[in-house]
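Letters A, B, C and D mark the chains in the order given here, with residues in each chain numbered from 1 onward.
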Amino acid sequence: MRLDSRIIDAARAVADIPDGASVMVGGFGVPGTPFTLIRALVDHGARDLTIIKNDANESGMGIDLLLQSGQMARLITSHIGLNANMVAAMNESRVAVEFVPQGILAERIRTGGAGMAAFLSDIGIGTRMAEGKQRVTMPDGRSYLVEPALRADFALIHAAAADGFGNLRFAASARNFNPLMAMAARTTIAEAECVLPLGGLDPDDIHTPGPFVDRVVALPESLPEVYGVVKR
Amino acid sequence: MRLDSRIIDAARAVADIPDGASVMVGGFGVPGTPFTLIRALVDHGARDLTIIKNDANESGMGIDLLLQSGQMARLITSHIGLNANMVAAMNESRVAVEFVPQGILAERIRTGGAGMAAFLSDIGIGTRMAEGKQRVTMPDGRSYLVEPALRADFALIHAAAADGFGNLRFAASARNFNPLMAMAARTTIAEAECVLPLGGLDPDDIHTPGPFVDRVVALPESLPEVYGVVKR
Amino acid sequence: MSSSDSPRERMLARAARDIRAGMVVNLGIGLPTQVLRHVPPALPVCLHAENGISGVGPVRAKGSEDRNLIDAGGAYVSTLPGAAFFDSAVSFAIVRSGRLDLTLLGAFEVAGNGDLANWMIPGSFTPGAGGAIELAQKARRVGVITTHTDKAGRPKIVASCSLPLTAPGCVDRIYTDLAVCDVTPDGLVLAELAAGVTTAEVVAKTGAPLILPAGEIPRF
Amino acid sequence: MSSSDSPRERMLARAARDIRAGMVVNLGIGLPTQVLRHVPPALPVCLHAENGISGVGPVRAKGSEDRNLIDAGGAYVSTLPGAAFFDSAVSFAIVRSGRLDLTLLGAFEVAGNGDLANWMIPGSFTPGAGGAIELAQKARRVGVITTHTDKAGRPKIVASCSLPLTAPGCVDRIYTDLAVCDVTPDGLVLAELAAGVTTAEVVAKTGAPLILPAGEIPRF
């Protein structure tokens, strides 16, 4: 027995993302954002996309490029405060933005990745976050909000290291939403700063197991500047 | 700033487990079972315990000792087929056994550890597993079972390595339920084969973060035989 | 691969042929695990064990076991290059989210409509379901491997299960020592015959109505 | 620790005194983060960042940043020995499951009953709540740090919030440049006074009814 290899280049990795697709994008700020795969998606040109990402990056980088190119129709996110373009696009109704509290967003994605339908939580009860949400009363007599699972057609993931089978490892705070989204998409595409041969990752050290990952894209040794420390 | 140390000996670690407590116990078969903490709980003597564990170990080891000592009143588990004592105790109604499908057990514990109330799933619909369970119809018109969160007063965890702050690492298939249970108890007690100084574990390599762990017990360098390969 | 021409080995070999390159597969204890002997070594396949392993490798020889590394059946296994360990929640996330391409399971009873009973015999065998429920309900494809009849000669394929179900309508294909049968919307179809076995024998030993295809039935 | 006797620094130092040994603490952006300057270096405290860090250490100097290591406010931080990284689901599991002992947050408005509004001003500031909702609702103890009045001199402590709530009834204690106020079942209690501030001044600048304790009010 042996495991197979799923290595592919960035352009081919995103080539079958159709118009109207839902696409999860990893990252919290710069760390963990798959800038190369996003750039490939811009070049690919699929439109009417629903993007699911914790934040909207900053002007001129990351998913802001999908906004500027007109490819993003909807955004499900927890916070867009660092991207004035996105705030403007929301206010002008050019993009439909759905806000989800950050921990609920994380857990709805994980719930999708775990093959469940929803979870019940009291987060947001007593605020406008609870408005319009389905409620369930549990045997303890308390009422909870139904938080439906989030899944997507594709997930774009940034990893520090991968092997050809798709096992992934993340670095520091670049982990964030990446392992959750890797579980929750029908097709998961991971870019990795370092692609090792099979066996190059200790099985105890893997953050996302290969069965969740469909395609692995190796990044160039010299990373584009956008991955670096943000100068302010 | 610095982090504190939570190292304690096994007897003191379990000394405040009261009669009637619920206790989660890690492990799947031998790997990951905290045999030393279980032994300490036997010596401590708390009675009327609700034990939550994937399986019932085998005769003469692990939680079978809590059965034989008469300390176990209830067991929530997925499978007890390797322990004839437990099957007999169940059939003679000496212990109330509640069976939960293994993946649902894992996820109910994680849901407790994540501070949610329940999750919705279709697992078991159309079987007797669904009998008596609360149901919710989601907007898609489909009916799901409400699977309530499982939490416990205490969790007994076996780790391969720990630091004094309670960061944990597991080895191979000894991980199993341990990280989930570590999240889901009011007081989490971990035994570790190797206790390192703070900084001895790379932050990227930690399976259970210290904030979930209250007490760390160092195991002797020469492990008792029960931790070894099972001879059949 | 000894006695590879026995009906039992042919059944295992036939099931092995449905394990395809790139699949993630979970094999139940007993007959399903033995299918492995017939999987070509060069075929890229990822074995999943529900206690938290992807990339399970061969069982270790006595004396070289790793005390921390068992599969869900308790066998001391090895890992392949590219294996990963994870917790039980992640393990079943793989199963429920559609990442498990195939599971092969044993059966006490399997019905013509795909109902499976393989975890409980009320009053005599009640150890708990373990991970069987999720595997049966959520693997993309579910195969059952079983002798066509039990030791008393009674059919294992029945019109309707009398035992508590593991999952309803979950089985796609049944591999026996006599035949391969497919669960279809129209009913149970006799898809293939074992060497030397007649259609009449299979029909006689099957407790569920069996649809016989037109034309010659392939042999295995 | 410059100007450590300014009202603002005294407020920060006062809040820091409620960070106790062994706590897991999350500090919001702005004033709350600045409390750190007043935490004794020897005090064992675990800082949590909701983007996936326990054991956050000091901010790094320019030029020595790690591009992969920011806190939830985007600052390039370091880690303490014993730190851990985890995903966003585990991070909020810490918050919701009762493992976060204390959070200190900023406020647009905080009401006498503990209602907090700190994430949205309809029509002018609507960037999304980020992680504020869970922090406010689920930390075992919630402290708010705010100037007692806004730049126009209007009270930040109000009888009832006019802005959308972050969480209702979540605040335990309010630290301002003038006073420490506790949310109690009976109402908002004036617990401590800043040096040189009179009870009358605090009452005049507070928009919610304030319960004055019998006896002398402690100073900070």
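By definition in this document, contacts are C-beta pairs under 8 Å (C-beta built on N, C-alpha and C of every residue); 3 or more make two chains touch, one makes a residue touch a chain.
Values in this document were obtained by computation on a predicted structure and should not be read as measured data.
When chain centres are set by their Cα atoms, the one at the greatest distance from subunit D is C.
A separation of 30 Å divides the Cα centre of subunit A from that of subunit D. Note: centroid distance subunit A to subunit C, computed from Cα atoms, is 35 Å.
One simple way to say how far apart two chains are is to compare their mean CA positions; for subunit C and subunit D this gives 57 Å.
The set of subunit B residues touching two or more other chains comprises 107, 114-116, 121-122, 170-172, 203-204. Residue positions 53, 85-86, 89, 92, 95-96, 138 of subunit C are each in touch with at least two other chains. Interchain contacts give a graph that is no line, ring or star and is not complete, per the touch definition above.
In summary, the structure contains touching chain pairs A-B, A-C, A-D, B-C, B-D. Within the complex formed with subunit A, the subunit C residues making contact are 21-22, 24, 36, 39, 41-48, 53-55, 57-58, 79-86, 89-90, 92-100, 138.
Against subunit B, the residues of subunit A that register as touching in their complex are 107, 111, 114-122, 134, 136, 138-139, 142, 144, 146, 148, 169-172, 203-205.
On subunit B, the positions that touch subunit C within their shared complex are 28-32, 54, 77-82, 87, 90, 97, 99, 101-107, 109-110, 121-124, 126-129, 160, 170-180, 207, 227-230. Remark: subunit D residues 49-53, 65-72, 74, 76, 85-89, 91-92, 95-96, 126-134, 137-138, 164-169 touch subunit A in the complex. Taken in their complex, subunit A has these residues touching subunit C: 1-5, 112-116, 163-165, 167, 183-184, 186, 197-199, 201, 203-204, 206, 209-212.
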